[in-house]
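Chain nomenclature is as follows: A, B, C and D, assigned in order of appearance, with residue numbering initiated at 1 for each chain independently.
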Amino acid sequence: MSARYGMVIDLDRCTGCGSCMIACASENNVPSLPQATARTGLTPLLVRKVSNGEDGERRRAAFIPIMCAHCEHDTPCVKVCPQQAVEVDKATGIVMQMPQRCLGCRYCMTACPYHARYFNWWDPAWPKGMEKSLNPGVAVRMRGVVEKCNLCHARLHAAEEKAAAAGKREIDPADYEPACAEACPTGAIRFGNLADPDDPVSKEARSPEAFRLLAELGTEPKLYYKSKEAWVRALAESNSARNSEVQHG
Amino acid sequence: MASSTLMDARWIARGEERAPLSRFLLWLAPWIVLLAIGVYAAGLCLYYGLNQTNMDNRFAFGLWIFLDLGIIALGAGAFFTGFLVYILGRTELKPILNTAVVVGFICYSGAVSILMIDVGQPLRAWFTFWHPNTHSMLTEVTFCISCYLLVLSLEYIPLLLRNRQLKQLPSFFVFEHQLHKLVPVLAAVGTLLSFFHQGSLGGLYGVLRGRPFAFRTGFLIWPSTFFLFILSAIASGPSFLILITATVEKVTGKKLVADRVFRRLGYISGLLLALYVAAKSIDTLVWLNFTSRSEGFAPWQFYSHKPFGTPILFAEIVVLGLLPACLLIPETTRRRRWILLCAAAMACSGVLLNRFVLTVQTLALPTLPFDDFLQYRPSWQEIASFGGVIAYGVILYSLSYRYLPLFAAPKEGDPPHVSGH
Amino acid sequence: MFPGIDGFHWTFGHILFLSLFFVVALTILTTVASAVWRTAKDFRTHKAIDFYWKENFSELPERDRRCRHELAGRVISRVCDNAFDCRHCENYAQFVVLPATGHVNSLGLNYSDDRYYHRGHTWLKPEQDGTVAIGLDDLVEHLVGDPDSVRMPEIGEELELNQVAWRMRKNDKEIQVRAPLEGTVIAVGGPREGWYLRLQPRLDLHNLLTFRHLLRGPEVRGWVAREAERLQLQLRAPNTPAALADGGVLMPDLMSAIPEADWDTVLGDTFLQT
Amino acid sequence: MKLTRRDLLAWSAGAAAGLIVTPIPWKILDDTSIWSQNWPWIPQPARVPVEIRQSHCTLCPKGCGLRVRMAAGWAVGVAGMKTHPTSHGALCPLGFGAHQLNWHPQRLREVRHRGNASSWNEAHAAFARASSEGPVVIIDGYPGRAASSVYESFAEKNHGEYRVFRGTELRSLNPYESWTGVPVTSLGYDLENTQTLISFGAPLLDGWGTPGYVTRLWSEKSGGVDDPQLRIIQIEPSLSRTAARARQWLRIHEGSESALASGLARVLMEQNLVPAHPPIPAITISDAAARTGWSEDAIQELARTLVSRPPALAIAANENPTVAALNVLLGSVGARGGIVRKEKISHAYVSASAAISTARAVLIDSSVPWDFAPQTDAEIFRFAAWNGGPTKADWLLPAPGFLEELTDVPTAPALPVETYAVAPALVKTTFELQSAAQFLVGIDSSLTPPEKTIHDRCADLFKNRSGTLHAPESIAIAKIESVQQLKEQLWKGAVWVGEASPPGGLKCELKEWPPEPIPATAAGWADSWQAPVLPPLASKLYIESNLRDAPERRNA
């Protein structure tokens, strides 16, 4: 049975602490470069701060983690890559980026409506000796290629190897959880198999509370959000960029 | 100096009058400086990577893509003139053909070299040929542009081999002649390729479902921008040839091409422009009323960010589209050279504006409801590389004009030429 | 791109796209290959030089392409349309019978009736041993005087008619001299020897057709007069001494005497270069 | 045949055309692109198996449980220990990058004396001389560890002083210490039972206390829950993270928290909303309204809210006696859901203030925040794993970094229960390090080394037979068979949790309404992080994104 991995993020539980961002960077050997800025940095997972646009005591704020939504249908980035460096893994529904084949044309970045793709503007580098702290399961990307969230594919790979060693065909769901979901201190980020009707995350994704960003584009993203706060939902579901005065982050 | 002047004269077609070498070099000097700076900037980008530019994760395409799309549109004159002359048999345009080939070659080679800097891993550019994704517009662009650049080179080679020194090699000369005989084949292939990649360049943005400002529905796999780009390119190409030739005439002080050729080009440009404006208007209406709304976006919000308001849309369609078309089509306005030139310049600007809007405005506009409208200012390296390509074009055209028979007309019993003072 | 390479799928789009690409690529390559092949074939069949000459001829100014019969005064005005190839000229017989009413040589130039003259200002003289000697005519001797250097072909080299046989340099100008006849180089002379080349002709010397394309008799005088007239016009310029000395005799070594003249054009017209 | 320039030209053209049909250019093309995939200057991790170890974070006293991924003897990843009884698998965001800290460019690798390279021998000699010449003050930022007992003993034996630096959470408990006599380290907030939590600027959801302890409570009982059992009311001048996520954010004028607390107290008393009647604050409700920028109605409404859903608890951002007095009024001291006493036996520590009058030498442990600068003429011996920038210390002594030494993990500040855990030395060190405790033991060998103290404490735990071991299944200590088994479990990351003490162990009465303290600003996001440097990956939060303000601006 093929899986369709996805996430449900409860925005009401997100405190915007940023644990997921650092856990993600650490798991995936994302460098932290002194030259990088908020516009050129590498944040495969990015928590953005949004507000209701009001001032004074009526102002409210919330945090929306943004990462690759692993679009299911007509995946914008897969379609545009000239050399098949992006593809949807049929067995998992994960949109995979192959840095070894990427030409760095950045067409996929312009195609992604979520701005969830990042370009390696610099050579990755670490202070002397720190390369010993790199995660052995993940290859470091070279300068000039695009990268993004692959739902911690190295963890999936490890889980598959473990299952294979045990002579099983399918992985134990307990063995595979992306670093962000694992790190989230409030359990706001929840990861699961959307193809499994009994999976609690799958159930949550199908609940009326769940919504997706830019759902009307028709790309069937597998990144769901939920919030009970009316303004958060209204903001997230409005396709007009009318809140562009909002401080974004 | 004297001997270098003599060396230089040996390469200039016999009997052609060209500026003295010193003046020619003086003319080239600033362009060479510009080119050198551009090459240095491009070198920086290749050596240190694209961090030398001011592009970023959201403004992933910048000035360079605008340049590519712009000059490829203007370079469309090459294939379109070839198409008119060889396929449709409009031989009256033959005098402009050589210049069209050189301009086309400059535009395409310039665009390809900028593309090579613009990608993060130029050494892997050939992967597109090895693992092509046939669904990607960029694959189509890559295949067609590289093939068409080859075609343009093959069309340029005969011209090159007609240089006074090179044609003294019988083997070159005969090859040139044999190749020249096959140019109609190349023109036909070039037409096919150009139609496709001009369209694909339009499709490049039209297929971006995630960018509702650029996304268009269309016919089969091609969004409407595919067809609009072809139309606008072949409309602006002849106008650009008019501008180039008129500029060369102005600079050299010589009458190179008959006025009727200019007028014919202007008429073709005007007709196609009118067609383009009509198509573009329909497309804009469809997008405003259906496409954008179907993706859940109120289209007018895209024009709420200064300076990208509706005046740009008006300028693109009316001021720089409909107006030049109206000036180019009637014989009375077209006859006046200054009107012809102004209208040609407006047509080219309109198409450039269209490319600018599609590349830069698309990326500047927010998609997520909490995105900002983004500003981007190119770095000096980007501008210098841009300038380098312009300088490369000017230099290559100047050299071609000086040493190759761009506007060679058959010699009629001309009076003995006296010179030497 | 090809079956077996990672990423290739047997889909309609893939196959259509790639077939189109290969058709286009093959068309382009075939075009180039066929141009190369045709070029090689032209050289193999000795057609290349002839063809090269014809192309050059077509680019010559009309003044340089006058028919020999016009020069001889047999017709009023006629432009050659056969690249000076009188051997294969259909109209040759029709005009040659007309009476020549041409000029007389009044320039003090030495043209001999036992020599044939090529439009590129070379003379050709059949020798007793079945070879031919080739040299530069008197007008050119006056024009060039003593060349600064001469580059002659190798002995044994095959020369085609109208091919550049040897090159000379004078005052930094290159002069290319066309061969008046096809044949094999058997000896090489120079300005001192009074002749430049000896050829073993490829064609039968006793066949009149072999020399038919070369000027003889009245044609030579008419031609030389025209050439001298052209020179006079080209070299006459304000503030320069007359090209032709009094009494219509050419000055020796004109190139050195009038360095400021447009020698590029003059030499091109003289030696049939474009 | 002579070779002419023309021949050369023709030959080159032919060669260029011919070259394309040879394999050479294609091979070069292939090789260069493969080379771009293997640039030698780009580090690639060695493919070695990964091993999971459980431990505890000792970078600050909050004692979060760690799940450490180890490869080739190095930590290659850090996550929270999901089964941890108090941190519940959470870490502060910076903790997730802690494994890279040991290679931080600002790592202290050698002994430095006033800016010059020195040696451990010289440092030993200098400290031994100083301690023989006069009193020594030892400052600890993480009391209760085995190492802390070395400091205490040394200070005692040498007529010196042992002082403790208190973090935000402990400082907020200071008033209760002075009113009840129970040391702050023995006090805690019983948040599990609190229903109404009013925070006067405390960053409750942003790293306050043990992050996982508070955020788990909030996410289970408040965040996204329709009828929350825990209502957080955040009183703060600006929309902080806690304010944004709290049930209610009440904007207040800068520095008027105490006025509001006093005003609320006055309403509670005047309207008889509380039974107790301690001294009435001097401030009137209208004064409080003017100071806070609220209406009198708003203050009255908040007061009513406080009593509507008991237990209610007020937490201050810092030491704030008026907020503490409000708790006394609400009856939250020594009550369920309020301030509780977690340890039966404990002793008070002298709080470390900046001014140190008479001392020959000051020894500062690596757990004390870098910007703690004692005002003294004494010779300062500063232990630290990282150099945090300009310092007044005479000696900089490289201490063990992240997971580099065996240490024990005592109860975290402000937790309502006692805990004990052990963090073994997991990773290798490549240069000569000494913790302050090892340093002192090296000078006075009669001191009990921390390792031995840890073993003794384990033995005591086993002997006392109270509490539970979370390993991760809960095992009552009484069921543990031997000290050895207990130690094994603790070394593998198990946590001992003491029995909750019954409420009512605290008696607190106010003699007068406390004066307003000098307003102190709320702690910023990086304040709970005590290491002098941030992990490099912290740049993701404030440089490579705008999620947080730069830590330099923490007090701005």
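Operating definition for what follows: a residue touches a chain if its C-beta (ideal position, glycine included) is under 8 Å from a C-beta of that chain, and two chains touch if they have at least 3 such contacts.
The shown structure was predicted, so the numbers you read here are calculated from the model rather than taken from an experiment.
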Selected pair, greater C-beta contact count between A-D and B-D: A-D
Chain nearest the global centroid, as defined over all protein CA atoms shown: A
Geometric centre distance via CA averages, subunit D-subunit B, whole Å: 62
For subunit A paired with subunit C, centre-to-centre distance based on mean C-alpha positions, whole Å: 76
Rounded Å distance between subunit C and subunit D, as computed from the means of their C-alpha atoms: 97
Whole-Å gap between the CA centroids of subunit A and subunit D: 29
Subunit D, residues touching no fewer than two other chains: 36
Subunit C residues counted as touching two or more neighbouring chains: 6-7
Residues within subunit A bordering two or more other chains: 37, 40-41, 48, 83-84, 123, 142-144, 248
Interfacial residue positions of subunit B with respect to subunit A in the complex: 49-51, 55-61, 118-121, 124-125, 127-128, 130-133, 135-139, 142, 204, 207-212, 294-298, 301, 305, 362-363, 365-373
Of subunit B, residues touching subunit D in the complex: 121, 123-124, 126-127, 166, 168-169, 171-172
Subunit D - residues contacting subunit B, complex: 6, 9-10, 13, 29, 32-33, 35-36
Interfacial residue positions of subunit B with respect to subunit C in the complex: 3, 6, 9-10, 14-15, 129-135, 139-140, 143, 147, 150-151, 154, 164, 168, 170-171, 173-175, 177-179, 181-182, 185-186, 189, 192-193, 410-414, 416-421
Sites on subunit A touched by subunit D in the complex: 10, 12-19, 21-23, 25-27, 29-30, 32-33, 36-38, 40-43, 46-49, 51, 56-57, 59-63, 100, 123-140, 142-144, 158, 179, 182-183, 185-188, 226-228, 247-249
